[in-house]
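Two complexes, one shared chain (chain A), two partners (chain B, chain C).
Moving on to the complex of A and B:
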């Protein structure tokens, strides 16, 4: 069994806030080519992807994405209908068997294609389809409304709306400095989207893709000058019903962090799609003010759904690849109000 | 970068007529009771009451077969205010989502909270808070879906008591004479025989000296704004907000009258600004101050503050 597994290469698209006119395969192909060039590899021991058929509106749409990988002669492949951070987790588990030494992981999503009849983004409504069909979905709930319920629960602990604005302002400023993220202005005086959330508290509709290469032991040292060694990874999920859990806290994130061995984090990339989620996650993961959180801008600056979590891993690994940090954390999430959380700890 | 040469097409994903789902004995019992106008939770193995009922509690333990009637009084936990409903939302005017725990239950249900009629974009009302006591509003026709509850709404804490009394008021001699002048396009006043001040409109008495006044004088429709207020609350008698109401000291009068000022942006009205009365068309005149629509600026230098400081 192999336990030395590292992120050795990462590439992401220049994410866009509108449909760039590229198909999913066309988005993905350049970034896969990029990591092949970074590593010199053309074949991988295992390939795993994360995407969401509902974004494309077609079942098994992910199979066509393999055109961007090249699947002949036949390759060993798997897919998760989840954020690609979970594809990375599967690849990490697969590599631990020790019989292969490389894995390719990718995720992609074009949220811009989800349109309501009136031409507005239908992404908040699309997320309703993930809900319990008996008690929640028939209400006509949307994703932002659910997030606002959690934000209110968090504010009831004594926090202020200005705390949320500060997260949004810092994330957008960082995003403007990140060539891959969207160029979003400082938070303005917008009215509530769904109180207490304002438009800047919500991640933007984004199209994009991201790719990571994992490798084991000596192969990792051969492919990368400073591999980002995954020292722990864990994911935990809690009850789906919002009424059955304490929305002001994330116990699943805290437990995943504990199991992944969170300690002495220098940089953390958190999959917070709403500004209050970052604050809840900081508390759950015990990240103090000395930790740099989402220096990339995070999901509030670019949220290519199904790649966003994987990008957190790639961004956190980048600090180690560049020799700028010794221990970083990546977090990914899915489900209403941070229902499920994944934590990945990396070291130089 | 957008590439304009990429073709696009509309595409929909749907199950025509909807997707039929079995509900099983636990959810089925809840929906049946809901159809019949009752809220029930299910007893967990640990003794709590799970609401709305599901087959397993959050610890993964199967629930018992004991159903417990809960509510109808409920308490609001966390909530989210929707100032501008989206097309799929249950109401087309502002409302709240809320986690609602019925009395007798240990967990909450997410549902719609209707706090009444608000304008689109309204801020969250002060009445919306954790701990608010609410009850379900049942639909008349129920079919066994979560929507059989139209919404939750607060308990009754106040009523609206109509108050109205009707009168026929007399303006009195002096004001009738004044309005009679207005009906002819003239602005009349009285000069006090003691202090010499001119009161427009006249009251028939000098409020300073306490003596009757009888000497009638006519003043012109021109005057000076001595002070003013910018009004942001709409008034059916006034122009669009923001509008300006002002003290206008008519030339020759010693007391300012309250009047609207228009024909100038609200932000440009000044103390000391010269104005003139704008009368409605003569055929619309009656014995009413409405004959003067408002005052508007005239192209004269402003009056220095010292000359109006006693008329504020």
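Moving on to the complex of A and C:
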């Protein structure tokens, strides 16, 4: 059993707001090469990835992605049909067995491929297919409409739309300072996307990929000057039906945070795809005003679906790698209105 | 390997062409409740839920685990979804076992399923994305050339696939959950069915099934409290190789050999035919029995078909393969691998019913997927390793 496990390398694409003409394998290959060069490793004890067939519109989108890894001779490998933050969780569990000392984790998504007949993004409607197929999906409720229901529930606790705008403004400004995120202007006076959410409150359509290398104990110290040690990782899911939950709060995020041992966080990277989600998550995780939240710009500045959660881990680890923080938190989420939440606590 | 891990509960649904009597949630719950009953537990006792299924396009429900959280008692717990192509049922079991072996949880519920009647898997597998159109129809179209290459390479006679098709369906008659239960199944009956993908005849392929299978996996302390005998995990491994690498042998893939070598080494197995008592191996087209006999080291190269022909893999042979009837008799795709793992466990628990292999103490569970490139295997035993 090995419990000293750290993030030792991270790489991400320069994410784009439109199809750059690169395939998923072409997005991945340079970033996988990048972490191999960072660590000097060419083989890993375990490999795990996260992706979504529906973004590619074809089964087995992860099969061709394996070509970017160089899986010859054959490798020990697995895949989750979830955000790659859960692939990182699976790799973290695998490393705990103690018989291997490195793992490669990657995620990728080309949301730009999801288009409606009128040319607009079809991502919100695509997410409808994630709902209960008998009672919810036939209602046609899209992702933004569901998020708007949650935002409304949150505002009804006494919060203001300006609170949402402030989150969007800070995220977009931070994103402009992040060379990997999109270059989005300050929130303007756009009309509602779906009230109370305006376009800047919603994560942009983004293509991209991200890769992380995990290592144990002495191997981690050998590969990285300042490893980001994972001190706790946990994820929890709650009821699927929106009517069965208190949408203004996130019980599952609070529980995952408690199990992961959240305390004295200096920097937090939250997988908030809508402005209000950040505020709900801050409360659930007990993050005060002194915590720097989403200094990368977060998902509101770059949201390559299925890699977005993994990027949170990489960004939060980066503060420790650079020696700029001692304790950071990464969060990932999936399912309608933050149904499932993962928390990863890292220390220098 | 980490901490000890044991199977303490197994549950299966009856496999059918159409389970119109239940929703997807009802289907997975049926298997989960049977596994919990076997383990003497309720949903409350479970620490985490791991689910697996083949591509979401098969039912048209994207990331269905979000919707199934309630039906599987996962509220307030960790829930994960594994997807590794046809091997997914096996991989899902290994991810769940990994949570116990990694010391994270004591009792993990693992469920895999497919409700093929909700769509048409053959056409879901034959999509035409830009730049990479599929050149074949369905899995049979992909695998038939590999089978022809095997026959040419080994001189395997034409009737071997038929023998496996008959043997596995005879076994299925002893398994109350099996989908295809064909009274009086015979070589003549198989040979009279249409040729689908030369040399694969209709009755030499697996059916399209609705169904789910579940297991409860437990740590040593939790296994000691279980009411029924446990099946201990003696070895567990996954391997993958690229689909289009020109240097690979698609007939006898290296990833399968490496995965078997890894799992045998963990379990202390040097001669699988002698050291194992039975095997549940992913054989979706009958010809894959002789091919996998060689790939998994039960005999030398070119000898697999001779082993099949000799009757060694029959229920009364020295190394029974697919005593349950196998994938050829029940194929809810995403669950098919997990069923192999679960049936291997039932054999060493002595709970396999009419298809029990007498005195089985160690068994292999195997699954493969993609272009014969993804492998998941475990060896389970009646004794704690």
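Here, the second predicted complex is superposed on the first by the 348 of 348 C-alpha atoms of A that agree within 3 Å, B and C clash if a C-alpha of one lies under 4 Å from a C-alpha of the other, contacts with A are read in each partner's own complex, and residues count from 1 in each chain.
Assume a contact is a pair of C-beta atoms (placed from the backbone, for glycine too) under 8 Å apart; a residue touches a chain by one contact, two chains touch by 3 or more.
Just so it is clear, the model here is predicted, and its values are computed rather than measured.
K.L.:
Considering only the touch criterion stated at the top, classify A:238 as touching first (chain B), second (chain C), both, or neither.
P.N.:
After superposing on A, A:238 lies in contact with both chain B and chain C.
K.L.:
One more residue to check, A:100. First (chain B), second (chain C), both or neither?
P.N.:
In the superposition, A:100 contacts neither chain B nor chain C.
K.L.:
Looking at A:291, would you say it contacts chain B, chain C, both, or neither? Reply first, second, both or neither.
P.N.:
Neither partner.
K.L.:
Is the number of chain A residues in contact higher for chain B or for chain C?
P.N.:
Of chain B and chain C, more residues of chain A lie in contact with C.
K.L.:
Would you check which partner chain A:348 touches, where first means chain B only, second means chain C only, and both and neither mean what they say?
P.N.:
Touch status of A:348: no partner.
K.L.:
Could you say whether A:82 touches chain B, chain C, both of them, or neither, answering first, second, both or neither?
P.N.:
After superposition on chain A, A:82 lies in contact with chain C alone.
K.L.:
Given the touch rule stated above, what does A:166 touch, chain B (first), chain C (second), both, or neither?
P.N.:
Neither partner.
K.L.:
Contact-wise, after the overlay, does A:60 reach chain B, chain C, both or neither (first, second, both, neither)?
P.N.:
In the superposition, A:60 contacts chain C only.
K.L.:
Once the shared chain is lined up, is A:195 touching chain B (first), chain C (second), both, or neither of them?
P.N.:
First partner only, chain B.
K.L.:
Please indicate which partner A:118 is in contact with in the superposed arrangement: first for chain B, second for chain C, both, or neither.
P.N.:
first
K.L.:
Overlap of the chain B and chain C footprints on chain A, residue-wise?
P.N.:
In the superposed arrangement, which is not itself an observed complex, chain A uses residues 54, 57-58, 133-134, 136, 238-239, 241, 244 for both chain B and chain C.
K.L.:
In their shared complex, at which residues does chain A touch chain C?
P.N.:
Interface residues on the chain A side: 1, 23, 47, 52-54, 56-60, 62-64, 66-67, 71-82, 86, 89-90, 93-94, 96-99, 126-127, 129-134, 136-137, 234-241, 244, 251-252, 255, 334-336, 339-340.
K.L.:
Across the complex, what residues on chain C touch chain A?
P.N.:
The touching residues are 1-3, 23-24, 54-64, 66-70, 74-85, 91, 94-95, 98-99, 101-104, 124-125, 127, 129, 131-132, 237-245, 247-248, 253-255, 258-259, 262, 370-371, 373-374.
K.L.:
Touching chain A in the complex: which residues of chain B?
P.N.:
Of all residues in chain B, those touching chain A are 1-6, 8, 11-13, 19, 21, 23, 27, 31, 50-52, 54, 57-58, 77-83, 86-90, 97-101, 107-112, 121, 123-124, 130, 145-147.
K.L.:
Could you pull out which chain A residues touch chain B in their complex?
P.N.:
Interface residues on the chain A side: 16, 18-22, 54, 57-58, 116-118, 124-125, 128, 133-136, 138-142, 145-146, 148-153, 156, 191-192, 194-197, 238-239, 241-245, 247-248.
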